[in-house]
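Think of it as A, B, C and D in the order they're written, each chain with its own count starting at 1.
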Amino acid sequence: MMPASLRPLLVAGGLLGLAGFVPLVADGYWLSIAVTILMYVALSTSWALFSGPTHYIALSTGAFFGIGGYLVGLGMSDYDQSFWAMAAIAPFVATGLAALIGWATLRLSGVYFVIFTLGLAEMIRNLISWIQNNFLGSRGLYVLTDLDERHIYWMLLAITAGVFLFGWRLGRSRLGFALRILGNDEEVARHVGINTARTKILMFMTTGFVAALVGAVVAPRYYYIEPNVVFSPELSFIVVIMALLGGTRRLYGPLLGVIPFTLLWEVISVSFPNATTMVLGLTFLLIVYGIPNGITGLLSGFAARRSA
Amino acid sequence: MTPGDPILFVNNVTKRFGGLVAVNNVSFEVREHEVMGLIGPNGSGKSTTMNMISGALKATSGSITLKGHDLTRAKTFENARFGVSRTFQLVRILPELSVLENVIAGAVFGHKRRWGAEAEAFAAGLLERVGLAERITAPVGSLTYIDQKRLELARALAGEPSVLLLDEWLAGLNPSELKVGIDLVASLRQEGRTIILVEHVMDAIRSLCDRCLVINSGTKIAEGTPDAVLSDPDVIRAYLGEG
Amino acid sequence: MDILISGLLLGGTYALIAMGLTLQYGVARIMNLANGEVLVIGALTAFLVYTSLAVSPLVTVLVIAPLAFAASWLVYRILLLPLVRRAKNQGQLEVDSILATFGMGFFLVGGMVFIYPELFAYSYLAVPVDLAGTTVAANRLVAFGGAVLIGLALYLWLNRTRAGLAVRAVAVSPLAAGLVGINVEKTSALAFAIGGMITAMGGVLISTFITLDPSFGVIFTMKALIIVIMGGVGDIRGAIVAALILGVVETAVATLIDPGLTLAAAYTIFLLVLLFRPEGLFGRRPA
Amino acid sequence: MLEIRNLTVTYGLHKALQGVSLTAEKGEVVVILGANGAGKSSLLRAIAGISEGDVAGDVTLAGASLRSLGADRIVEQGIAFVPEGRGIFGDLSVWENLMLGAYPERARARRKQNLERVVSLFPKLAQRRGQTVRTMSGGEQQMVAIGRAIMSNPDILMLDEPSLGLSPLLCRDLFENLSKIRETGIGVLLVEQNAKQSLAMADRGYLIENGRITGEGQADALLSDPAVQKAYLGGV
């Protein structure tokens, strides 16, 4: 008999192994969809690790993702660095920035944090554009690598596996327990000895790290990087929607949101490109009014009713 | 258990909220194994004093030390790690955690730290200690008022605090529950715990406290055994309103 | 001096938008992140009406006010009230209302893109006027005057009327308000509707001198939020001062450094407020 | 007369009150005694229209039904409620609190008379009219809360554990004041833990246990009833 706690790990390992073969059977259109899905799985799962228990809605994914992509482009084009060096550096830059933002905003109530992250990607884009125009010369940045879609897929798969492993470990760790307590009652959390500010900042840094790493890894997909492309406020919202659609109470929740939403998004942006914003809005409304606990919440609701 | 040496020192502590002086230059000591009652009329500064010891509020001036640790400027969580635990005037249970997890929460991050199976066994022991052994698998939402108070007490005990703050822990209990509550605190006293008790229930003060401190309008007006303090003319005038 | 005057004129309009938001958040407890979209709707309407029917925005503003009031009232009653009723605590309501108003915001942007997917601007009263030695466009002056009038009316209404007193009471404590015979849900709906009305009117005024596009709403939401927080939630006086400060700083940065950095300037102010006075300019520190 | 017939309040599966019936007249003090969790607060909250549970049964005041009315309408009918935690406007001044108390239409014409009543009960409030209520002590806030309730010109004043957290001295003042309020013709319905002091000044009392009325009678009879003494007055 194996311990019950190891079973999900084995299931996940099996799925991961299967997912590794996708590039061997799919190519072109479907491979690119698979890459997109993996990208969003990594982003929204790490988002949910922080925002799920704390209820702080982070809209900073776009900013950190952009930092990852932009730094790879900048390093490779202007400073003759290798892709690998920049992909290694970028997440730490984003983590440092996340630490600063967290330090300034996470000591206060959730509203301040949401507002601060709301315009963050836009603000950084403005700032970088200005710096680039005035000091760096406004040349485009090129990311030229030998990496093709399959390599990006495998790198993202590794990152996703890392995020899941981290999340699984977190659920069994003191840090994870501290997060749950402070999500219930921050006052009590402080009084039982939890450094609530540090806990929140650490988790926020983790999401910053993952977002920048993902941004760096998918940079070769763009070839040509400019701030307007990589700093997309829309990305932040999509990640939030996917995580909430799936549900944040289970580690695999965001995964269940990413797959249907990515497919829907593909169809909409191909067939009705003008309607994407509206779809985004309607999905937000659907989540709030229809499935506040996400798909996983719906499923466990069904399960509870059947056993009752 | 007979009280030992002083471990908690409150020196000339003052707390101002804007123009309002809530606590005015108050000093006292608490000895190890001692139950000290903190009494006074409503709004006299008892809760503010408790909040400064637990770290929820910072003193405007003065100092508070516990076993050599300076609590005055420390963050709330640091006070907990230095050995202060508390219950809240209005019960605060963690609604999405199980009964057992609610107690473990007090054991993991605080003064004496435990984790894993050790923390679980320790928490289960505490639940039995406060009389909740049978409710260990009950949904948190189904606990009665006194059971919630017990649960909160178990959580506070889980850090094995050097000093335990009970902020009107007996308030709102009916006579029969009150008896259970007083017996429970009395048994903690027997174990030699160091406790500061804020209470309005005079019978509880008389039967539980080794020593009492009376404050009125933020100022200390008397200190001594419950009997001595409760017969002090100043205290009677300010607080009991008799005679 | 130029900067100061144009900054103050811009700030006046900002103050109006922030007042709309502070009514919605302070009284109705709804953090309305679709606030900026309501502003853009007001502006777009003024633009369409002006370019197709040649109606002055000063007329449009009077027509749009009751429409925005009614629409906001319906949105509150139909969409937001259920959230207020189901929320177990303020935190949950905050999260729900943020997500719901995001949804509405995107929906509105989507709708506007269908109607007019490009930048829009029109020329109205674009004549130079001399003000204390500084040349400003008359439209800015008119917009500022409109903002002052609306703000003054709001102030008098809040402080001199029974309904205004009820609104302030709900802002302080909804529970106590119910116990003194105030219909809290109605009063909240009223405050939310007036907030929406003021924001839409602000949009009409601002459209006379700024070029907009359907997706610009979020920028104004950001600015309104920063002003509300800097001024202290629910503090009208604070909002006015904060708006004027933001207007001047933005104008200064745009004139002296680069117009692309106005958002960065707003962020810098926001960061300073968060670090040093999170309770707002005139707010008291929570005990 | 306030009349409650067969009132039941449920929160999900939990029945907080089951078939409770009671009455309260103008000019009398009625006290409801019971353990914590017995359903006393649920009862008052249901009458005041702020219950979070499902309410069934009849509540009438002078024959008119109050059930399914909102809190604001119930105040207009003549019931003022001081909840636990007092329900005052902490950020407003004493004066503004009292003026808001007179917000209901039924109270406007009699604002002056009610203000005189309040000031004669609590002269301190007149001296402190400009003070922000949040900065006052617990006992003073209690005065504001009761004053605010009287300003709405009620037939029946309901209080939920007004003595909770008050020192013995302030408790004594409180019960004295309640008995003065009775003399002005208002009926007082209060929920209390403090059985001895509240029965000493009340006219009638009800005992409530596990959501049901288990006893009722004249206050002095209850005070000397051995069973009541054992359950609520003796022991500790």
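Just so we're on the same page, contacts are C-beta pairs under 8 Å (C-beta built on N, C-alpha and C of every residue); 3 or more make two chains touch, one makes a residue touch a chain.
Keep in mind the model is a prediction, meaning the values are calculated, not measured.
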Q) Most contacts: which chain pair? A) A-C
Q: Could you pull out the chain whose C-alpha mean position is farthest off from that of chain A?
A: D
Q.
Quick check: how many Å separate the C-alpha centres of chain B and chain D?
A. 31
(Q) Centroid from C-alpha atoms only, then distance chain A to chain D, rounded to Å. What do you get? (A) 53
**Q.** Rounded Å distance between chain B and chain C, as computed from the means of their C-alpha atoms
**A.** 47
Q.
Taking the mean of the CA coordinates per chain, how far is chain C from chain D in Å?
A. 42
**Q.** Junction residues of chain C - those touching two or more other chains
**A.** none
(Q) Give the list of chain D residues in touch with chain C in this complex. (A) 48-50, 70-72, 75-76, 80-81, 83, 87-92, 99-101, 103-105, 107, 148-149, 152
Q | Contact footprint of chain B on chain D as seen in their complex | A | 34-38, 135-140, 164-170, 172, 193, 231-236
(Q) Under the stated contact criterion, what part of chain A meets chain B in this complex? (A) 174, 177-178, 180-181, 183-185, 187-196
Q: Mind listing the chain A positions that touch chain C in their complex?
A: 55, 57, 104-105, 108, 110-112, 114-116, 118-119, 122-123, 126-127, 129-130, 134, 233, 237, 244, 274-285, 287-289, 292
Q) Which of the residues in chain B end up touching chain A in this complex? A) 54-56, 75-77, 80-81, 85-86, 88, 92, 94-97, 101, 104-106, 108-111, 115, 155, 158-159
